[in-house]
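In the part that follows, the structures are each spelled out as structure tokens.
What follows is chain A paired twice: with chain B in the first complex and chain C in the second.
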Partner chain A sequence: MSTKLEQAVHALKEQIDAPVASFLSSCVHCGMCAQACLFHTETGDPKYTPILKVEPLRRVWQQEYTFWGRMKKMFGLAKPITDEFLAEWEELVYDSCTMCGRCSMVCPVGNDITYMIRKTREGMAVSGHVPDGLVGATTRAVTIGSPMGVKFVALEAQIRHVEKDYGYKVPVDVEGADYLCMLSSMEIMNFPEYIGAIAKIFDHADVSWTLSSKAFEATNSGIQIGVSDIAAELVQRIVSEAERLKVKCVISPECGHAYTAIRWEGPNLAGKKFGFKVRHILEVLDELRQEGRLKTEGMKDNRLTYHDPCQIGRRGGVLEQPRNLINMVASDFVEMPDAGKMNWCCGAGGGVSTNERADEIRLKSFQRKKEQLEAVQAETLVSACSNCRIHIEDGLEAYHMDIPVISLTETLAEHLVDKE
Partner chain B sequence: MKKHSTGARLSSSDDTLGAALRRQGVSRRSFLKFCAATASMMALPPTMVPAIAKALESAKRPSVIWLSFQECTGCTESLTRAHTATVESLIFDSISLDYHHTLQAAAGHGAEAAREEAMKENFGKYLLVVDGSIPVADPGYSTIAGISNLDMLMDTAKGAAAIIPVGTCAAYGGIPHADPNPTGAVSVADLIKDKPIINVPGCPPIPVVITGVLTHFLTFGTLPELDDLGRPRAFYGQSIHDRCYRRPFYDKGQFAETFDDEGAKKGWCLYKLGCKGPTSYNACATTKWNDGTSFPIEAGHPCLGCSEPEFWDGGGFYKALSIPTTEVARDALYAGAAAVAAGSALGMMNRARSKQAKSEHEKVSVDDLQKED
Partner chain C sequence: MTELEFLSWVRGPGFQIATVIFVFGIIVRLLEIFLLGRKANLAEANGSEMSGGMRAIFSRMAPESDTMKRSMFTIVAGYIFHIGLFIVIFLFAPHILFFSDVIGFSWGALPTPVVDMTSVITMITLAAVLLHRIKDPVMKYLTKTQDYLVWLVTFLPLLTGYLAFHRVGLPAPSLLALHILSVELLMVLFPFTKLMHAFTFVLSRWYNGAISGYKGVRS
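Let's look at the complex of A and B:
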């Protein structure tokens, strides 16, 4: 067995593909990505420039795949990749990057920097320079089945409460259902109302759906920590269940990276084309709206705004659907500056919220969200990601702001007309 | 030209420039035209024209001391060129030229007395113009009234507001400085470090450049912006090549190969005949010579690069700066093909490395995430 450092270099070497080589060769060092990064704008510290975060990957590329880089390495002139170097970069790669994708949007030469940071994490993860919180979450995800250590018995208990409170049946392991609904641990433990809302809406619209007792967890710690092998294992659990239950579509819950994991990275990780569709819950709800299957009554009349979760909006393309749905139930919907595909990240995605060491910078970076909210004098904030929601609530408390943060799915459920 | 007959002093320094110009019959209109032309030549905004006019009108004619050392008097010839009574030359006439041993009527002790008097009277305010290089190996090579060039320069420089080395000899050593430099000739800037120096090189320099520098000094009381060789950017900012009317032939690859071939007759580029235009910075191609008649390249001769340091030792006037020794197109094709081959070989090598790295992949499990002790 090789040392962890050798493993890291090897992992980075494996990650370098044609896009990475062309991105690294085309960087013109303009620094525009810095202006797009929350962690740079809110701290002013140039070390948070996104392209600098991929330095471990860049060094390996230069020393392994470029002529002059290899010459330099041969003569001992190249900057070495050492444990100290990787240790220094750990904070940059994990604590101060939410993989929100804003840097990739502004790069004038079209470099997908987020793609490279994701790849850099592959090397960092095996090097041992990775936050304890993420290691813990990933270990729990693999061994227990959920990063928060939630077992099916806990979900069963929540289902019983929900069925009692809402009066709707929550189907589990129903073979042949149209939709397999995934959840995040965050919803199970902190926002069980989401399960109630889904049950209510699907009952209202006569949707055939089910949960799975074997794969209910949609989140994927493998994606966040940056280990494709683990990410593939976690994705495979969902794929197996979807196939076993013969569903037509898997619904990703109100969670950002879960959507990226199953919809965009999923087939690549599983190594095959899925025999079912993957949709985000907002996409499903908007389809129901278009088909006229959602009847609502009453409008929220306070000033309401929507926070686009990065993985769902910018990275996932689900931008119109939430707005269509909000307009059904809100009369004073306002858009924050930069809303939509250039929305600012809440500051806690990409594993940052799992990493306690990053708490300080996470809350510091919240200033940007605070400014956005103040600009429109929002009275209520709607979002579609439990992670964003928890962190925004945390940030609002830290900055002494009193704005309720609500889930779009739950809000919609509240306004449904009762079935005759 | 040599109208001055006031003995030791060429003209009175009590006059203003405006008064002097009017006395010489220069109309207000042609005066303003000169101001506008100077402004545009020095890349100053048109709004500066009235300021220049006003400054020149009321400027007390500056005292100028002109020292000639190891030189050929070509610079003086150039600057006092009087083909027509241009405003430039009249301005030049109208400075209070207190010492210039080629032009002044006085001789011997009288002449030196005039220099000393001007220095005393205008100490700290006069402009010192120098043409010719200064021999430092043996001062005996060039002396004036028994004073070595070095001593005279150092003595006269003390009270100067600014020094204008005129011509390449004074600016960079010029021809006396050329290998093997028997007299140990050096430039003014080699010797004087504590005064503002504006180099006006050229062999000889263009007359309008010196009047331009004087105008700038009179108008703003400051020196113009200089390049890294101490030359005013307004005149030496662009290469001859960039402003050459034969440039299109260069771009098309049409060159005169000899002085009497078809290309030469058709006026093609003189690059292969040794033209130093690409490396020479001067205003010849725009202001031209002899009242705007032409400049060397227009007369069919390559540029010698006379406004550049070491121009005499540049390896031969008729030797091209650099010429490909083989067929360019063919070689470029070979080089391109070789580059493509090398590129794809490297690419294939990289692909193999990447593939190998992937095949050596060891599956990562949660156990691998634990830290090393």
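Let's look at the complex of A and C:
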């Protein structure tokens, strides 16, 4: 066994805890998870059955942590973990899984398969069997500070444009602000309107906020590729800035995986409880709504539906807030079949969109979203994740559908009444 | 070994061996899980682990509507053979007599013809489940030798029990001995196979519900 392979097996071993052991002990091979996964439902290929994707983790568990498995290993009867085996699994673990968590919702014995995929990636990353696209994004995140290679100068230029176009100040590095607003590179480069919307809403509601010049990127490639050390370093950059600027709360942007990264994995990666709160922008906006600090006017009257980004809804717990906010500004809001915690993934999260090799299956699996949209004959799609948004736009174009995809934060900003 | 010697062996030493393997095996398997532990979650909670976990233990009995549509056969057949097994194992008068000898108390039985019919329905359902496993592309892809083995050791006690009750083919003591032996086979294999799910599903559902519940999601 090569050193790298040994290290990979060791990394997988380190990932195994009581939940994993109970999940793997419980699987009865019923196949129901396949019916919950869009990579299987849209391709019909049984190899995309979710529980099979964690096979590297399962083999290590069986051979290291079960009596019977250890016996088999001792007598050379266990299936070995080889480099070829892990190479074969790379596509299953990275290209055809967005860690959307839908399979974890349907398993009759209660297996959280997504929890195990996340862990399997830790071993895959050590073995070196990871998609080039993700390696590039992770390298850029570490060295430049953004998976897309966006530096602060680029953000600064966007801020100047936004300040000019919207007429609101965008505060940077303001010590003692209440909120530190994080962004995703996707927003900075493709949807700077989001920054304008935030500036407008926070001015309207008199919220004290700031951006940071040192930590503005909220996404975490370390989690997607499965290297906790890198993930922890990226989280720590945000923590250090939040502490330096003495903010009360860090706001995760319109990005699903960024929310999981900073809100749910963040403190565990950093190894300490945060001295500040972490909220998704939709949670902050809904709090402002509850406090009566958002005054809107006019309603969108075309048929509008909401796409729940997996990491914000099902894996994040932010399910009611977007609905409360949409009802402020839309008169014909319809829910897609399976909306909410059972919503279907767009097909591009969890590192899939940064992995060019997965383009074909990503667009093929978009059929699921297409059918969901057709079922309600949506005229506008609103969401709260720029990664979902850019992929859905891509998918709609590929399937010749003409539905505008808009951001919930931006939509809300458009409907704010002018401040007296 | 005569017919009666065989029967007394399966009732005596055979059963003792099977029981020891069954009980200790399950304890070891559960310890293997619990001793691994898990790290404390340092993220600020948005809900309760305990109530999320307890909820999931029960809520997973009722699949979401989309899941119901997509996995209709698995769900319905699964329900039938699990309930069938429960009725046949625990609500058949001779079985209750046996259990009360071991644990010291008894409970009401279902009328024997009802149990008899249930055993037939359960066997037919298990046959259908096996066919599904062989035919369905996903099931076929997922299936390992163990899945067939577990199917067989679950089916055999039903079949031998049915034959023993109706006295088909062999003298009564032999039929009974074979029935008990098939149950012992099931007990011996139980801790080493996916049959363990009968215990661990409670843990899995709890962990799943707890992980989600902590984030304020009902899974």
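Everything below uses one rule, namely that the second predicted complex is superposed on the first by the 418 of 420 C-alpha atoms of A that agree within 3 Å, B and C clash if a C-alpha of one lies under 4 Å from a C-alpha of the other, contacts with A are read in each partner's own complex, and residues count from 1 in each chain.
Quick note on the criterion: contacts are C-beta pairs under 8 Å (C-beta built on N, C-alpha and C of every residue); 3 or more make two chains touch, one makes a residue touch a chain.
As the structure is a prediction and not an experimental result, all values here were calculated from the model.
Undergrad: Could you tell me whether chain B and chain C fit or clash when both sit on chain A in the superposition?
TA: Overlaying the two structures gives a clash between chain B and chain C.
Undergrad: Quick check for you: in the superposed arrangement, does A:T139 touch first (chain B), second (chain C), both or neither?
TA: first
Undergrad: Taking the superposition as given, does A:Y65 touch the first partner, chain B, the second, chain C, both, or neither?
TA: both
Undergrad: Specify the partner with more touching residues on chain A, choosing between chain B and chain C.
TA: Higher number of touched chain A residues: C.
Undergrad: Looking at the overlay, does A:P267 come into contact with chain B only (first), chain C only (second), both, or neither?
TA: second
Undergrad: Looking at the overlay, does A:V130 come into contact with chain B only (first), chain C only (second), both, or neither?
TA: first
Undergrad: Tell me the contact category for A:H40 with respect to chain B and chain C: first, second, both or neither.
TA: second
Undergrad: Considering only touches as defined above, state whether A:G110 meets chain B (first), chain C (second), both or neither.
TA: second
Undergrad: Check the residue A:D17 against both partner chains and state whether it touches chain B (first), chain C (second), both, or neither.
TA: The answer is both, since A:D17 touches chain B and chain C.
Undergrad: Applying the document's definition of touch, where does A:K4 land relative to chain B and chain C: first, second, both, or neither?
TA: A:K4 sits against chain B, while chain C stays out of touch.
Undergrad: Can you tell which stretch of chain B collides with chain C among 37-45, 145-153 or 235-243?
TA: Stretch 235-243 of chain B has C-alpha atoms clashing with chain C.
Undergrad: Go through chain A and flag every residue that touches chain B in one model and chain C in the other.
TA: Overlap of chain B and chain C footprints on chain A: residues 16-17, 21, 65, 67.
Undergrad: List the residues on chain A that touch chain B in their complex, please.
TA: Spelled out, the residues of chain A in touch with chain B are 3-4, 7, 10-11, 13-14, 16-17, 21, 64-65, 67, 125-126, 128, 130, 135, 138-139, 142-143, 225, 227-230.
Undergrad: Can you check the complex and tell me which residues of chain A touch chain C?
TA: 16-23, 25-32, 34-36, 40-41, 44, 46-47, 49, 51-52, 65-68, 104-112, 115, 263-268, 270-274, 277-278, 313-317, 319, 337-338, 341-342
Undergrad: List the residues on chain B that touch chain A in their complex, please.
TA: Touching chain A: residues 346, 350, 353-354, 357-358, 360-366, 368-372 of chain B.
Undergrad: Please output the residues of chain C touching chain A within their complex, sorted ascending.
TA: The contact residues of chain C facing chain A are 28-29, 32-39, 41-44, 46-47, 56-57, 60, 63-64, 66-67, 70-71, 74-75, 78, 136-144, 147, 192, 194, 196-197, 200-201, 203-209, 211-212, 215-219.
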